[in-house]
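The chains carry the letters A, B, C and D, assigned in the order they are written, with residues numbered from 1 in each.
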Amino acid sequence: MESNQKHNWKTKLHEIIYEADTPSGKLFDVLLLFFILISIVLVMLESVSSIDNKYHDFLYFCEWIVTILFSIEFILRIITVKKPFKYLFSFFGVIDFLSTIPMYLTFFFGGAQALVTLRALRLLRVFRILKLARYLGASNQLKDSIIASRVKILVFLFAVMVSSVVFGTIMYLVEGEANGFTNIPKSVYWCIVTLTTVGFGDIAPQTPLGQFITTIIMILGYGIIAVPTGIVSAEYAKSSSKSNESNNNNESYSTEQKLHLNSQCCINCLNTTHQDGAEYCHNCGHKMHHD
Amino acid sequence: MESNQKHNWKTKLHEIIYEADTPSGKLFDVLLLFFILISIVLVMLESVSSIDNKYHDFLYFCEWIVTILFSIEFILRIITVKKPFKYLFSFFGVIDFLSTIPMYLTFFFGGAQALVTLRALRLLRVFRILKLARYLGASNQLKDSIIASRVKILVFLFAVMVSSVVFGTIMYLVEGEANGFTNIPKSVYWCIVTLTTVGFGDIAPQTPLGQFITTIIMILGYGIIAVPTGIVSAEYAKSSSKSNESNNNNESYSTEQKLHLNSQCCINCLNTTHQDGAEYCHNCGHKMHHD
Amino acid sequence: MESNQKHNWKTKLHEIIYEADTPSGKLFDVLLLFFILISIVLVMLESVSSIDNKYHDFLYFCEWIVTILFSIEFILRIITVKKPFKYLFSFFGVIDFLSTIPMYLTFFFGGAQALVTLRALRLLRVFRILKLARYLGASNQLKDSIIASRVKILVFLFAVMVSSVVFGTIMYLVEGEANGFTNIPKSVYWCIVTLTTVGFGDIAPQTPLGQFITTIIMILGYGIIAVPTGIVSAEYAKSSSKSNESNNNNESYSTEQKLHLNSQCCINCLNTTHQDGAEYCHNCGHKMHHD
Amino acid sequence: MESNQKHNWKTKLHEIIYEADTPSGKLFDVLLLFFILISIVLVMLESVSSIDNKYHDFLYFCEWIVTILFSIEFILRIITVKKPFKYLFSFFGVIDFLSTIPMYLTFFFGGAQALVTLRALRLLRVFRILKLARYLGASNQLKDSIIASRVKILVFLFAVMVSSVVFGTIMYLVEGEANGFTNIPKSVYWCIVTLTTVGFGDIAPQTPLGQFITTIIMILGYGIIAVPTGIVSAEYAKSSSKSNESNNNNESYSTEQKLHLNSQCCINCLNTTHQDGAEYCHNCGHKMHHD
């Protein structure tokens, strides 16, 4: 009986930490988001020397509070999952670990300043809050249209790289080291800066011929920008019209939508795509827990 | 009878000020637009020291004329509305107040120079002229497609922010304070400048590794620009094809169009979406007034 | 009979100069294009002091040849048209006049150097060559989709102007004259530079608050860029799918296409949209002339 | 019999070098891609003086290895093709020659350093790897939509050029040589930099009037960017919906797809669009060879 109670306690915690269906689960997600943002702001403020000089002790204190809270969250995540190693070596497991460890390392080793930046990756965990129902539909459709146009985008990036190398080498020859094009890699870097219409202006062509070639590069870049936009546009329109169609034709679509709105997470395999009334995980067959 | 006459006078003024259906209502809107533009030009010219030194008295005089005219408009708006407090605490009520008060404040307190800029917000009132029929259809469709893709745009902005923080922190580590990346907030700012392809060039990567990472950021930004364009494109195409469909299928569409073309404004609740022949406000039940 | 012969001579010349159907008409258009380009190159080279110093006499000589040729063309255009004044006060009539007169003015007055640039407008005449059949279909569809989205584009430009003025004033307050934001017009200019993602970098925010506001402006600009693209995209897709539909459904479409391919130009009213076998101008009823 | 054996040997080599169907053919393509990338990296590193000073001998040695390998490839390509001259004067034949010859020239002539950059063109050969099935479908659809919108893109580029010349000349007059607009070609160059939203900032308007005109140019550029995007978007959507249609309507589509996935290359005319079971080249009638 005690074991069952303990099991219930673990199950409830799992529901709070991994899911966003219950009020306490939502509260946990909001609190986590809050502390993640606080942590990001702390990292940023520490880097501003004028602020760090004044409030160093306060920032350091806050940093430790956030670190301890993240440590507790990390431990709870490991405890409540049935297969801790699967979690630990998952994308978010690694990020959770990396966002907790730096402060302990700085405590023990002092100079591990560089690792502090690993906490920036902590922001990636923010995407977890996207499990909240209404965001999911949108990001899924986006992901689908990007995956659908994956190969085309690669071909496009490939074309950008090839033209950058070709034009970069030409500009290196035409402008030369005197005008800032000191070597081909730098020339290629400048070429990408120009093709993407960023145009820092730290390096700029000085010779008439160089400026003429730059004109060609810019108009090329201007034309090229149309290509990925057109691709994603078309793919997105396709996928959204497809979802519309199924919406109109059969009622099964609304059921599918509901599936996505469900944020149940299997305690055993961390799979998150469960039907509303599912008693067992459709992936590993483990018993699902509901309130 | 006198009360009725007074009521008629108020109703007529309400029609002139709040609506754009009658010739006098249109004239009022055009005059208002003219004085708003004059006011904006005055604010701008005052800020140019060479012009302000020469024509200070003239500009100051014009400023007072505009202010008095706006004051009269403000008072008339309050008088002709049945629920003045509802107007006062509405978006345009606040802006009308803020665009009138600064000159009086400068008169009484002298140094309230900063408040003068609040008059720039006056330009927002220009959108009122959009009530003119033909502009409304277009902006409504635009607003609809932006609202429809709201969640997706938020997810996209979220992605921009996350990658800016991650890359900003990396660039801060790679380039360091010597090359202008003095702290993480500034680094993140630079990262957004690069991702959005603005590229001021006040800060630019100097190390080969920094330039390599910049290349990745730029191509990422180039790819990312396709996403919101694709979304709005698709949503807009959807909504416009939808309106086309309803246009073709049933005649009720043209009726709906006519509704929008009507610029009647309820004297009681300021609601502006009334049917052409409406005798009572569909929102508060107040009697509508026609010429 | 002589009068008829003269009439024939005028008609033939009209066909050569104003139309591109006959071989001689095409040759005239190509020659005109060639001399326009030559003229543009001459204007450009004259402005390069190192080249002008060396070859001034040669450039001046060429300039006179081009001017005389354009003068002859201008006179022939006036002679062959039935209503010379209509031509003279048309868009191209004014441009033809402005592109001929500067050299004569420099000859008589010497210092009328500024007028030379009017010849740049001569390039606008290049669009005439677009009468050549295959270019017309494309540019017409483009023009249609731009006209269809005219009001929406105006609303969009209006939004850009309003946000530029608001943000420009805020930046003027935040950054101040010390950081290059010397007055509001300059601040607004900088704001448009940033919103359109051009980003010269001649003026750049220096204060942390200014950089934060800049971030908002840039992301706004990034989002705004999606709007006109989406509009034109959707309108273009609509118009092209419409033309496809009519192409599939009825054969009358191909007839319409042929109409556009015809470059006949009425000698009386200069109208250029004539059906292939048209005997009389559908606009003014004047007799058409065919070979 | 010996001749037949020799023929088989040549046929097999042809299959390995020109096709990507067999494991050895794929291996050849991957190895070629690897050496091309190595060669590009070598060219780049040589241009970095700090690296070249240190590792010059090693880089020179690697360069010779790559050159010899490319020479062998070039010779094998000539041998295995039935019509060597057709290959030699084809696009890739010229590139293969140009990417092999520079090192030999530097060996014999010493100072032919400039020709080394011709090796950059070697990167164009990378596109050959695109023959690998899954990339081809995507790039073909892209190519089709670009070809379909070719005329429209030309009209668009033409518009960009015309407005650049007009505005460039105006800016040259307004800003003058004192503010960096030293001549019209440079002014036109600056105008294209601005229109394409690159904005280097090496030249920037200083006078209020110049900045006002720049504002117009930028907003124009902002509006213009929508046009090519809209065109490619619409064309791409059209072509992809077309291919979808044929996919749904008849099964012959999947057959067509398979055709593209086939990377057979005729030994006689180098044509690469063969059906899977083709016994003879559909272009020249030559016997095809299969494993």
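Going forward, a residue touches a chain if its C-beta (ideal position, glycine included) is under 8 Å from a C-beta of that chain, and two chains touch if they have at least 3 such contacts.
Given the structure is predicted, the values throughout are model-derived calculations rather than measurements.
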Please report how far subunit A has to rotate so that its Cα atoms sit on those of subunit B, a copy of the same sequence, as a value between 0 and 180° in steps of 5. 90
Could you check which of B-D, A-C or A-D has the same interface as C-D, with more than half of the contact pairs identical by residue number? A-D
Among the chains, which is located farthest from subunit D on the basis of C-alpha centroids? B
How would you label the subunit B and subunit C contact, same or different, if same means the shared numbers make up over half of all numbers there? different
Would you kindly tell me how far, in whole Å, the mean C-alpha position of subunit C lies from that of subunit B? 32
Mean-CA-position distance for subunit C and subunit A (Å): 46
Taking each chain's centre as the mean position of its Cα atoms, how many Å separate subunit B from subunit D? 46
Residues in subunit B with touches to at least two other chains are numbered 185, 197-201, 225, 229, 231, 233, 235, 237
Residue numbers on subunit B that touch subunit A, as the complex places them: 151-152, 154-156, 158, 162, 165-166, 169-170, 172-173, 182-185, 187-188, 194, 197-201, 204, 208, 211-212, 214-215, 218-219, 221-223, 225-227, 229-231, 233-235, 237-238
Subunit B touches which residues of subunit A in the complex? 40, 43-44, 47-49, 114, 117, 120-121, 123-124, 126-127, 130, 134-135, 137-139, 141-142, 145-146, 153, 157, 160, 185-186, 189, 192-193, 196-202, 225, 228-229, 231-233, 235-237, 240-241, 244
Name, in rising order, each residue of subunit D that touches subunit B in their complex. 197-201, 229, 233
